[in-house]
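Next come the structures, one after another.
Consider the two complexes below, in which chain A is the common component and chain B and chain C are the respective partners.
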Partner chain A sequence: MYRKYLILILCPFAFLLLFAAISIGDEKPPIEKKGYIGADTCKGCHEIQYGTYSKTVHSKKSVRGPESQDACETCHGPGAKHVEKGGGRGVDIFDFRKNVDVKDRSAKCLSCHEETRQMASWNMSKHRMKGVACNDCHVVHSGGEKFLKSEESELCFGCHRDIKAQTYKQSHHPIKEGLIKCSSCHDVHGTFGSKQIKADTVNELCYTCHADKRGPYMWEHPPVQENCLTCHKAHGSNHYKLLNKRPPELCQSCHDWTQHPSSPYTSFDIFSSGHSNRMVARACLNCHSQIHGSNGPSARGLHFVR
Partner chain B sequence: MKTASICLTIGLILLPSLPVLSADGILEGEIGVTGMLANVNGNKAKFNEYRDIMDGVYGGARLKYDTDNFFAKGTASDIAYDTQKYRVEGGMYGKFKAYLDYTEIPHNFTYGARTFYNGAGTNSLSFTGPASGLTNTSTWKSFDYDLRRRTFGGGFSLDVIKPFFLDVSYSRETKTGNYPTGIGLTTPGGPSLELPQHIDYITNTLNVQAGYAKNPFYAGLFFMYQNFDDANSALYFINPSGPAGNRDAYSLPPDNQYYKLAFKGSVKLPLNTKFNINLAASRTTSEANLFTSYVTSTVTNIALSDTTFNGKVNTQNYNFVLTSNPVPWLIGKLYYKYYDKENKSDQIVMRDPGFAGGAPFTNPLFDYTKNNFGVDLEWSLPANFQLSTSYAWTKINRARGDLPETIDNKYQADLKWTGLDFITPKVGYEYMRRTADAGVLVKEYGTATSGDQATENYISQFLRRFDAAPLSRDIFKASVDIYPMANLNLGFAYRLKHDNYKKTVLGLKSSRSHDIEVDAGYSIGKIARISAYYDLERSLDDQVQRIFTIASGVGTVTNDWKVKSRDNSYAWGASTEVYLVPKILTLILQHDNVKSNGFLDFSYLTGTIPAGRNNDNIDIGNWDDYRLTSYIVKFKYTPTKHYIFTAGYAYEHYKYSDASFDNYALVSGTYPPGNSTTALLTGAYANPNYSSNVFFAAVSYRF
Partner chain C sequence: MILRLVIISFTMLLAISPISANAVANFIDPATGMEFIYVKGGCYEMGDSTGDGDPNERPVHEVCVSDFYIEKYEVTNAQFRKYRSGHNSGSYEGMTLNNDNQPAVFVSWEGATAYAKWLSENTGQKFRLPTEAEWEYACRAGTKSSRFWGNNPDEACEYANVADLTAKKHWPRWTTFACNDKHAVSAPVGSYKPNSLGIYDMLGNVWEWTEDIYNSEAYLKLPKNNPVYEGAGEYRVMRGGGWSNGPMGIRCSHRVGLSTDFGHHALGFRLVKIP
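Up next, the complex of A and B:
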């Protein structure tokens, strides 16, 4: 059994050896800098931009960032030719407009930020693959929280319109109320998990807040153990508890072979007519409320009713 | 008292930063108060589901002190309300950062729920007098279903050791309140009883991350420990169907401990290539004392091989990812993932005279293993076309008798064109085919046999659990973003998803959804900005079911029936900002609607239809139907850069109609005697309709 865990030890070790091999002789010769004019010259024409920049962390000399290098020209490139030609948007100067290549724009930011834990998985990010540049979401002159262009969820919803619609449904995680954010569950800069979630599996992510569902229980409900999204939606649903469908239909998608799970619960089973306890109020969950797992005794636990 | 404690804590935290204030630095911030007058008619819990809006004064502040070397920040919002939030943060640029925060998240379900039990809000529920007298709801006691999460946390990160890093964070969350739960009182098919489950959880979480990040290498070790502590191991109650003086018990989530250790690394290789690995292992343990009896109409004692259940689940996760951008026109990603969940929990042997004739049986353990590999390719094609293609293969092996194995093959292609500045169209298609091994049961039992287990085996040939059934999935996507003018943007998106469970005879056979999204934004110079949106989501599910009654003989069909579920969701709205006096006075108007309309179309297919019913009168026309409408009118006045005044009015109306909740009754059916129609309820989620009028005025001072 312990052979399974060998990979945990051997792989990092092999990885370190690989790194050592690649790192040897990795020193690059210094690049001669030409055409740099200094921030004071930039400020002469771009006073507003310089003013906003100077209020941000990028302007701190104690940070290994633009100010400790070539200030404005760290990101925009040498400005001598730009000045010689009398300025103008994009004239012999690097700017971050949409028509500038995405990779070039992101490369400016990554020259510093790539060597951080936060950006270590950027190469795996769906956003990177789909051609999203850093400055599509961040604006370095704003100085707002994480330099975001707007409030986080609104920013994400700008592209993910379908998710926005889901969060407005009657059953939802409190995203529109501002109590949790997209980044509570997702890392937009890339992860190993699918949908850029901050965990290896969906359940692992859900359990970080819903630890009571983790068990391990004596009586387990296999679909629950495998994937919370079998029954729930992550962002919002018309049905309570963020369910994909309402019980009894949801439960009957699997349980229907005999006895009461297989019966149709119709307009003849509601409060005003027939009032079956498998249909009114929370339907199946009126009795089978331990659907996430139970330590109840015998068949009480097996059927998730204790 | 708690608010005072929080303020004191924050003050103590900020105290050490006072010497820093003497340095040359900039102090900036904002202090604001908001007065609110809220009038809510109807269900206040639904109105305030995740909010705490009431008559009162709301305060908030934001402070930041910044020097070239140090910074200190503090924020507070909704002080003393159920949504209050505080955070203090400080550090030295390029050296370290530390923070402390406190947040509260309310989740209100139902105020004024009612039960005949004494002790709601504890883990012991009791009543006096005969069970037959419990249906007099006028004597029932009132309580609220609501939960409060209160999280206190802190952490620090060291930058001074770059290229090494160290991040440590800790949080402690308490979750308290009442939550609706329920039980079956007697045997399956008996009456149901809704109970207030008292929640009293504490979750401690520690995260430690340490590693090295410098090109071409990244390596990090990640450790997570989470300890979940439930103050109650059981909810004890008198079972009204049981003998006098009984004490029944409902098991509550057990305490658990979760450990996870992961190594994540990447290394840059030639040709703009990077290799990434993630190796993780986790262990979860729990312990529960098991009940040795349960109550139905009598008390039944169970013989257990062990009265303590030790839960233990180990997982392993390995990811290997190679990304490459070898030529400017191609980005590639090749990946493999292995995930294994191994359940090492105790298997308890039980002998229950009330089940399976007292024959021994044990709890089965569920494990599964997942293998997944795939490739994603992004092609930059001539004429400004961008093509995304991907393929993924996933195999899941389950320790589950009926559906032990599924294999998914997924293909995807998206095409985007950026040839013109003012329009960006996209189209996409995804196809997934899932094959499933229908399980050993079908192989072993291909013909009708008699007996309980044998019958299940027989019918299993026809049943397909939808989460692991053979499936073919088609997804079509199309969208276009148009910018005909610099001040106008239009967006349109359509998505069709169709799941076809081709081999399913009984169960969910198909699921289809259409999504349409339209939005637009228009700026009228410096006068106004207008935006609007419309979203339509329509889903259709098809289920075929069979009542397979053992008593009628194996293979005999009593009734086949089907249901088509239709759910239409709409969201639409518009907002405008009118700059009455540019940069000084702005009028904001907003109107939003969310609406859902569900319908269940039942059809009896075979067998005897109960008297009085036919295929036209059994349908359900209101299935989670609701409409939420809101209007906001707001004026924002900024006479100077220091002051912002805001005043306005918000109206919200929520109307809900559902066949399962309309005409709600706390006692449904006849009690006693208990049968499948009887439900003793508490009002959870009932009558959620409300309308609200909220007037608000706020002033904030910036410096």
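Up next, the complex of A and C:
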């Protein structure tokens, strides 16, 4: 009888001992903190940087990387020697200046971010291959959107000036109006597609907004199905609807200009025949308004007239 | 005969001495009470003479400087407040840096040069920050060791207010000297032994701004006589180390470049006067 009570009393203690043993066994060895000085010392000189940093997600205790020590030193490395020598840019401290190797700078960020979904294609990213480091675009001391150094499109245009020029043409995607961003179409960290676009093909990307152009159509216009960029510019054009050329020249890039009303007329033809009325309204799309594809019946649909 | 020999020997000793002071009377500015030590010009080996420094302290090269006066002490809060009455050197973790006899800190390079300009205009004398070459010449005071008291860092606490065992009690992770100077933060100027020129706190207490623009390879580019780097660069050089620095920072040849608008708890200055 007493033995039964004794077992009931001792059982909980036995379980407690077992859990304690398991938890001790799981404990990782502490990281050696040699040469680390602590953020309190850093902020003695770098108060502004620490102040802005401490408001960001990076400063949260829950965010800890593999090299994690104390805040600043997670990325900048151990700072004891730097302090001993009185500081100075890059003096015995990891510095993110332009003249520091790109791989080393990015490696600091990648030590935490490498295995994230966003960085999955970084190794084949054109930006990486062209020598762009994370901190060329991001600054961890500020807590702005995505830690970007400046407003997104202005940041991209800092290098891609030709694209900026295109967005100022009369027909353009509304980037400068702020309705879309570069990242609406491109993934700067790398993708499988060309031009780092966020889809497998150009058309798939365009269809995310311009779904009405996807079809399906009874009468398909082959270049539309093939590549939107056959007729359109992506960023901006001096021709309406971001067209590469003004119709009819655009259409005549494929269609024979000697046939149908698209035939050009000589000065003789204009003044000697009744065809002169064809000199106006010849922009193809006036009649072939369903140029992306048509479900219209018979020949009208076939010719994208309706 | 013996007396003559003694006099001749003494004269020769003076002649071969690499650096001599007080041949001309020192100068005291009546407005601020700042004392200036006369330093006779001469030539010396500038840079990392013992091989324990950073690459920016090399190559060691001969430099000659003209005569100048240098402040006996670092500019104090009281002296700086005669120019900028509201200046507050603040405190570090509850310990004041703002007493009248403590060195003025949180003064940018621009603030320090503005102070020299103000003093020049008010006294008719010509004051400015020391060049790196002048500063190191005054620090070394004829010595060739890392520090003007010798190479032994353990003697630091007699001559300089540095990161020491007192500081270690407050900030255990700091690299410190293995001695006790009894001050955790900046000390009243002149609290420690001077160098052989009679200049106090040339090492330790607070860093001191100099005139030169920082360039890590300046020593390869500068002339021998009165060099001062004025090429491209966004930083100015500070010298001497401060109360928060360990052995590597407390050396006569150690040089650090900082942004001109930067000020911190262990960075002050002293001036030179041109004869």
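One rule holds in what follows: the second predicted complex is superposed on the first by the 245 of 306 C-alpha atoms of A that agree within 3 Å, B and C clash if a C-alpha of one lies under 4 Å from a C-alpha of the other, contacts with A are read in each partner's own complex, and residues count from 1 in each chain.
One rule holds for everything that comes next: a residue touches a chain if its C-beta (ideal position, glycine included) is under 8 Å from a C-beta of that chain, and two chains touch if they have at least 3 such contacts.
Remember, predicted model here, so these are calculated numbers, not experimental data.
A.B. asks: What is the contact status of A:N286 with respect to chain B (first) and chain C (second): first, second, both, or neither?
C.D. replies: first
A.B. asks: Could you let me know whether more residues of chain A are touched by chain B or by chain C?
C.D. replies: Looking at chain B versus chain C, the one contacting more residues of chain A is B.
A.B. asks: Contacts for A:Y36 in the overlay, against chain B (first) and chain C (second): which applies, first, second, both or neither?
C.D. replies: second
A.B. asks: Once the shared chain is lined up, is A:A80 touching chain B (first), chain C (second), both, or neither of them?
C.D. replies: A:A80 contacts chain C only, not chain B.
A.B. asks: Between chain B (first) and chain C (second), which does A:G88 come into contact with in this model arrangement: first, second, both, or neither?
C.D. replies: In the superposition, A:G88 contacts chain C only.
A.B. asks: Where does A:G144 make contact in the superposed view: on chain B (first), on chain C (second), on both, or on neither?
C.D. replies: neither
A.B. asks: Between chain B (first) and chain C (second), which, if any, makes contact with A:H239: first, second, both or neither?
C.D. replies: first
A.B. asks: Which partner does A:G44 contact after superposing on A: first (chain B), second (chain C), both, neither?
C.D. replies: It touches chain C, and chain B stays clear.
A.B. asks: Using the touch rule from the top, collect the residues of chain A that touch chain C in their complex.
C.D. replies: Those in contact with chain C are residues 36-38, 40-41, 44-45, 80-81, 83-89, 91.
A.B. asks: State the interface residues of chain C toward chain A in the complex, per the touch definition above.
C.D. replies: So the residues of chain C touching chain A come out as 54, 92, 163, 171, 173-175, 207, 235, 238, 241-242, 244-249, 254, 256-258, 264-266.
A.B. asks: Can you list the residues on chain A that touch chain B in the complex?
C.D. replies: That would be residues 4-5, 7-8, 11-12, 15-16, 18-19, 22-23, 26, 57, 60-64, 99, 103, 114-117, 120-121, 123-124, 128-131, 161-162, 165, 168-170, 174, 177, 179-180, 192, 200-201, 204, 207-208, 211-220, 222-223, 225-227, 230, 238-240, 245-246, 249, 252-254, 256-260, 262-264, 266-268, 270-272, 274-283, 285-290, 294-303, 305-306 of chain A.
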